[in-house]
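There are two complexes below, and they share chain A, which is joined by chain B in the first and by chain C in the second.
Moving on, here comes the complex of A and B:
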């Protein structure tokens, strides 16, 4: 049972990594995943993705391409085989 | 000179080689601001919207924004307003760099070019002097050489040049006007209008800066806004580091990244061509900024062969990349540099190549038409550079492509394979993945375009707040506010990217600080609405009917891949509400009453 986490933008450049794969037991939440990432990256992701316990404005967390804001926010469920994609605040045009 | 109140107009009659000076002041400036707004008002008042865009009857207007050349953050932009040859709509293209600010310093806030010169000319603005000079020796030359030659002839290395390349001379329907070599008033074919007038360039160097613009309470507001822009995650960190190309992976992950002429919405080779790849492959040398810009999103790029220039932007990288199924970043950057030197819009160029690839794939184009050129097959990196050059020079099959994807596809028997709105090629977002953005596409006053109401911001990026991209409720209001606010930003001469961190109140505050006018935020947004209505009315009078507020048939089919697989476009469900909220008639026309209310009749 595994989930794939992809890093992009400044996450990818700064961490020099394109992502990580985690083994999970059953379902976890986005909050759980951020804790797992924090353990491996010294608190980097909660610092970058969260603001006062909420998803920071402009930060993007996708489960299989869908923004978790339109699912259950930080309580959104992640299950075996899902791909989670993370972006810091970004824009262009 | 004190705070801004009036506009100095230079009227250049190319047919008779006469130059006159005029002024516009007061209410007209207050209601139309400058740049896109005031330029559109002049065009609407002075030309018949039904004329042929490439005839001498058309006018080409260079307009600085209300705050261009002041200390306002990013306040360096100028706009070119004319009737566009690609769409037949009003055309208004916006460029950064330093040319716009220099034009303002020179006291020529707006230039109106009329008629057609007998032979190639350029306009030289040196201090107070304005004169037309022979440009025969520059005709046929690229943007880079033209710029260098004109600066040398002008005798001042600080002179700024805005010019066309061979594409504009050859009346390519999507030719651009370039300044500082790599900055573009890119879309809608403004460069072809310039070419049709035998006008090669404008060169400007002011005697002295209008330093009064930098004084007093304006600087307090500027400092505050600059701080906001520098501290914001997008304008202070994301854009400087990765430029607009940060979007490749974001839009692809969202399943709205068009591939192979919008047949698909994801690209499995995106990692080869993304903004991150530009860094990882070592092409990116650093970032560059325009006049007064604390964001500095421009890309300084160098290829392994030593070629160096600016770009690619997200749109350009996508247009020559995923849109054509191409994953060779080197070739994409080369196509970008070619477009800059030849003076051609990268979005329309790339999307037209992708359209030609699908026409060939589906059997609408015979291989013989390519003559000795490479096959226009999806994924062919060779063809993106080859046909970019052919289009600009109108050689071989490129001559047909130079008419844009709509006319090409129509001539080949299937206009629906042109991914365009009002004949202008769509940018890098599949409207099935972003329903509000789809509504913006169909109601954009210059045809397929993302920068008239960038709904990607709330629907994908979560700025200023995250909206569900598939939700329809409330989207017409959002689109209208984005379109009207964008008209304000374009007209005051600031960069649209500031809107990721600044809002209506900020734009009102800086306009009040830098001008003699006192706007309320409500008045400011009403100015945007007035400008939007004016542009729409121009188009209606030009014969562009509301029936053209539509997307190509392809988008009625469900997306075959990505996050929104199975979803089609739903803009028709919300278009009537959009018309109603705009105060337009049910049929999409604008009533005399509404025009009167907006001060347009």
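Moving on, here comes the complex of A and C:
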């Protein structure tokens, strides 16, 4: 039972890592995942992805290509085999 | 065939060459991405570009907006772009549209695709709605620092920009670096051409993520 987390853009550069794989038991939530990532990356993700307990503007969390804002926010469920993509999208032009 | 296109002759079939030379596009924004797109689209010999922008040239534009110089500061971008592009005396028709993209924007009836050359997600979501209403494809890109992402949104696409980038807008003005902007705009032109020529390699239901620090390009499946 595992989930793949992929980092892009500044997340990848700052962490010098392209992602992480976690073994999970049953389902977890996005909040659980952020907490697991925080343990491994010294609180980096709650700093980058959260703002006053909500998803911070300017960061994207996709579960299998779907923005969690359109699922159930931080309570969205992650299950075995899911791929989670984390990146700060580029807005400029 | 236009006489200046000899060096791209071998890349396309006769039908494809004809298709490219008949293409009409809308570029939404004459900033960093838009000026680069216009320059490239003119060079590949398309038929017509409708170039939209309501703004005037500022000094902070000059680090990446290739149609303008110091003498253009204060001029309307579409007017300065028109003059710059026409100075090459190539055959692509440039139609300046000095207007802001809003829900009420009238999309030209004869275009084949819309290029996103905007600098914020709020207006991109409006542009996406306009594209869908007019049954047109939109080639999106955003660039910031050494990173960019592209997406091709088709009228029949299951995933929209709003689906992916809701909540993506930050309050600050992003850093933009001319070579990264040029690469991103060039990718948009290449991806648009691939789509319009019906090449099987065209983007489909995915984000193309470009990381110019690590020299990595990823296709993120959606």
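One rule holds in what follows: the second predicted complex is superposed on the first by the 90 of 93 C-alpha atoms of A that agree within 3 Å, B and C clash if a C-alpha of one lies under 4 Å from a C-alpha of the other, contacts with A are read in each partner's own complex, and residues count from 1 in each chain.
Here is the rule we go by: contacts are C-beta pairs under 8 Å (C-beta built on N, C-alpha and C of every residue); 3 or more make two chains touch, one makes a residue touch a chain.
Everything numeric in this text was worked out from a predicted model, so none of it was measured.
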Combined model on chain A: chain C and chain B, fit or clash: clash
Partner chain(s) touched by A:43 [first = chain B, second = chain C, both, neither]: neither
Which of chain B and chain C A:81 touches, first, second, both or neither: neither
Partner chain(s) touched by A:93 [first = chain B, second = chain C, both, neither]: both
Partner chain(s) touched by A:62 [first = chain B, second = chain C, both, neither]: both
Shared chain A surface residues [contacts with chain B and with chain C]: 6, 8-10, 12-13, 57-60, 62, 65-67, 69-70, 85, 87-93
Chain C partner contacts - residues on chain A that touch it in the complex: 6, 8-10, 12-13, 55, 57-60, 62, 65-67, 69-70, 85, 87-93
Chain B - residues contacting chain A, complex: 232-234, 237-239, 241-247, 249-250, 253-255, 271, 274-276, 279, 297, 313-315, 450-451, 454, 456-457, 460-466, 468, 496-497, 500, 562-563
Sites on chain A touched by chain B in the complex: 6, 8-10, 12-13, 18, 56-60, 62, 64-67, 69-70, 85, 87-93
Sites on chain C touched by chain A in the complex: 29, 31-34, 116-121, 141-145, 147-149, 159, 163-171, 173-176, 181, 205, 209, 211, 213-214, 218, 220-222
